[in-house]
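Common to both upcoming complexes is chain A, partnered first by chain B, then by chain C.
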Partner chain A sequence: MSYSDKVLDHYNHPRNVGSLDRNDPNVGTGMVGAPECGDVMKLQVKVDEMTGVIAEAKFKTFGCGSAIASSSLATEWLKGKTVDEALAIKNTDIVNELSLPPVKIHCSVLAEDAIKAAISDYKKKQDQRKPVEARA
Partner chain B sequence: MGVLPSNYYDFFGIEHRLDLDLRDLERRFYALSRQYHPDRFTLKSAEEQQTALDATAILNDGYRTLRDPLARAEYLLKENGFDIGEQGSKNVPPELLEEVFELNMALEELRAGDESARAGLEEARAKFIAMRDGIDAELKAKFAEYDGSRDRKVLAEVRGILNRRRYVWNLVNEVEKELAGAAA
Partner chain C sequence: MKTPIYFDNHATTPVDPRVVDAMLPYFTTRFGNAASRNHSFGWEAEKAVDDARKKIADLIGATSKEIVFTSGATESDNLAIKGVAEMYAEKGNHIITAATEHKAVLDTCKKLEKHGYRVTYLPLKADGLVDLDMLRESITDKTILITIMYANNEIGVIQPIAEIGKLAHEKGILFHTDGVQAVGKVPVNMIKDNVDLMSISAHKIYGPKGVGALYVRRKSPRVQITAQMDGGGHERGMRSGTLNVPGIVGLGEACAICHREMAEESKRLSYLRDKLKNKLETELDEVFINGSMEHRLPHNLNMSFAYVEGESLLMGINDVAVSSGSACTSATLEPSYVLKALGVGDDLAHTSIRFGLGRFNTEEEVDYVANRVIEVVRKLRELSPLYEMAKEGVDLSKVQWAAE
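The block that comes next holds the complex of A and B.
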């Protein structure tokens, strides 16, 4: 099986590798893994408090080229999106963009799971910050 | 010779259980090997010779699968619709993911030539080996529980435990390779 040019490009030049301060209330962290191949993927977003737009997205993935490319692409797409727009990213979008073969589709599922986990972590933190009366 | 059962359990004539008596399995393997030995079919029709060859292939694959508890469990899970499939991270506890991630970071540091990562890795290796032993004990108990109850819920649990085991085992192997390689 050969990787597509786009996968190779992301694999050789991954975008946004790194990490954000997970204790920052504006940072959401998603950690997901695929037991079938032993991959583990951490994806983080930092949301701008004023605009509600994702200002920064970082990832670190241990896994195959497709898993790295999927998460790298995901961080590129996340920047500039609102939280709700981020949740609309589907694994099939990643599959199409990277021309992933069927055996690598689970890598894109992992990336989608990572986005959802990061956003859900961010939302949880935001809820905890709000005073109780303001939530009602 | 009639149609050969393609299911390994059926071929060996044993119940579809997670726990097997390995000595009984071995006895059956030898008996069936004799029964289907190609030498006994040299004077038979081409069709019968082919059947004997097919039988020997199923027999060898089946024995390899059934005598290994993990391969056997995967086989039984698959025939019950619990294939490893694409379940993502749903069966892996978040704390384990954190540990896996940290260990991978340490591996990467060691590969980059940071010898200070070594002590941490050795510690992590011991921890993951202990974790694997714990998982194996858990598996053993679940095998017995399934054989006793035939409850599909238990199979789902076995699926989760095997996923965790595979995860941990891959890591132990990688750490060992790295520690050995770096020492050489």
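The block that comes next holds the complex of A and C.
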């Protein structure tokens, strides 16, 4: 299989590789996929408390080049977006941007799932936090 | 040293220039039909075919009359299995094979199941070898054929062929082996190995694509097969069709070269293979060999690089041609069924790479490939959430994965 230039670029120069502190209340972590399926994506966002904008996004991915590229691209797109804007990212946007062939569409679906999982984790943490703050 | 480097010699091999030289006249000046009995063009072609037959027979400890030419090993497997099933249908309807066979054998057996035959697919031991006790127990009074490959195309594991053949003969059962990966690489002898039928391919031994052979034993027992291709009655009625004379000459020459050079070449290749293996094992943690190292082809290495998905590794070493057991590199979206049959988990199967060394590979190439693999595995592990978790002491087998 040949890869698009954009997939190759993300594979050769992955953006925002790394990990954020998963215990930080402003960090949302999403981990999707399974080793048995050949894909595991960990995607993390750190939201600025004052502005509600995603200040940092990091990923680590076990998977094929298209999975790595999809998650790398997702972190690029996440930065600077609000949480709600982030949820609007669709897997088809990733497919189009990276010119993924049909057999690699699941990689983009996984990236969308990872975004949703990270945001949902962040929201859950925020919800748990509110009553505590209210009491304080 | 030139790139890309070809380390996928189980898939196919380049044609040896000496083989090309032997073939060339049979395309142009000596173009006769080997079945033309009444002029010199035909006689010349027939002689070339006879010479090739002798060279193949010599390599595998057979006689010329036991060699039937085909279009390749897939056809040979089909002819052997279907041909025996049809010929001996009155004697029984049970066939025994193994889960790690090539698709040409497995799918042929599946086809026969649709026609009322019963097939036992033996599981393998963790090292990839057939369990002889299990084989013995699966034999019934209806068993007519055992078909077990000589050496596996993914993991290079060599089966105890002589013992399987002995067991088959004790029970009066015919024994077919797909010899594609073993012939020309390790000593193979039809008498000592108790083999009744064996498939051979030219393009795996530095010969041309599109030609192969089936060994069919003539004595004790005299094996009969029903032809699967009808026509002019070529190859003593077992395989009709005008002989591919240049291809056959190429197969013969390829066998003669393997015969002459095998002893030295296998030493050279096992040295290179071991060097590759040792270097990877020394420089990288958590790498695993798939299949027995003891019973193995000298030029095969199949290794899993934990936490690094195979296709992404291939992408990183894009100037090296190897193959992976990862689902992403196959058409089926399932990881290697061979590794699965050995009990290798899907997680590790996705991280496996097959290195197949060959006649034209050099030590310099081995060093280069080892370094490239080490560099890319390290890079991808930095990217791998699984490697990070493993290093933090998380037991990955106990994690609840949010798989789709």
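Rule of thumb we're sticking to: the second predicted complex is superposed on the first by the 127 of 136 C-alpha atoms of A that agree within 3 Å, B and C clash if a C-alpha of one lies under 4 Å from a C-alpha of the other, contacts with A are read in each partner's own complex, and residues count from 1 in each chain.
Quick note on the criterion: contacts are C-beta pairs under 8 Å (C-beta built on N, C-alpha and C of every residue); 3 or more make two chains touch, one makes a residue touch a chain.
What you are looking at is a predicted structure, and each value in this text was computed from that prediction instead of being measured.
Undergrad: For A:20, using the defined touch cut-off, is the partner it touches chain B, chain C, both, or neither? Pick first, second, both or neither.
TA: A:20: touches no partner chain.
Undergrad: With both complexes overlaid on chain A, does A:3 touch chain B (first), chain C (second), both or neither?
TA: A:3 contacts chain C only, not chain B.
Undergrad: Figure out whether A:113 sits in contact with chain B (first) or chain C (second), or with both, or with neither.
TA: Once the two structures are laid over each other on A, A:113 reaches both partners.
Undergrad: Now for A:87: first (chain B), second (chain C), both, or neither, which partner does it touch?
TA: The answer is neither, since A:87 touches no partner chain.
Undergrad: Which partner chains sit in contact with A:40 here, chain B, chain C, both or neither? Use first/second/both/neither.
TA: both
Undergrad: Touching A:64, do we find chain B (first), chain C (second), both, or neither?
TA: second
Undergrad: Between chain B and chain C, point out the one touching more chain A residues.
TA: Of the two chains, more chain A residues are contacted by C.
Undergrad: Touch check for A:32: first (chain B), second (chain C), both, or neither?
TA: A:32 sits against chain B and chain C alike.
Undergrad: Looking at A:105 after the superposition, I want to know if it touches chain B, chain C, both of them or none. Which is it: first, second, both, neither?
TA: After superposition on chain A, A:105 lies in contact with chain B alone.
Undergrad: Using the superposition on chain A as set up above, list the residues of chain A that contact both chain B and chain C.
TA: 31-36, 38, 40, 42, 60, 62, 106, 109-110, 113
Undergrad: Provide the residue numbers of chain A that touch chain C in the complex, in ascending order.
TA: Spelled out, the residues of chain A in touch with chain C are 3, 11, 14, 17, 19, 31-42, 60-65, 67-68, 103, 106, 109-110, 113, 117.
Undergrad: Which part of chain C faces chain A closely enough to touch in the complex?
TA: Going by the criterion above, the answer is residues 307-309, 311-312, 315-316, 326-328, 333, 335, 345-347, 350, 382-388, 396, 401-404.
Undergrad: Over in the complex, which chain A residues touch chain B? Could you list them?
TA: Residues of chain A touching chain B: 31-36, 38, 40, 42, 60, 62, 105-106, 109-110, 113.
Undergrad: In the complex, go through chain B and note every residue touching chain A.
TA: Where chain B meets chain A, its residues are 84-89, 91-92, 94, 96-98, 100-101, 104-105, 108, 163-164, 166-167, 170-171.
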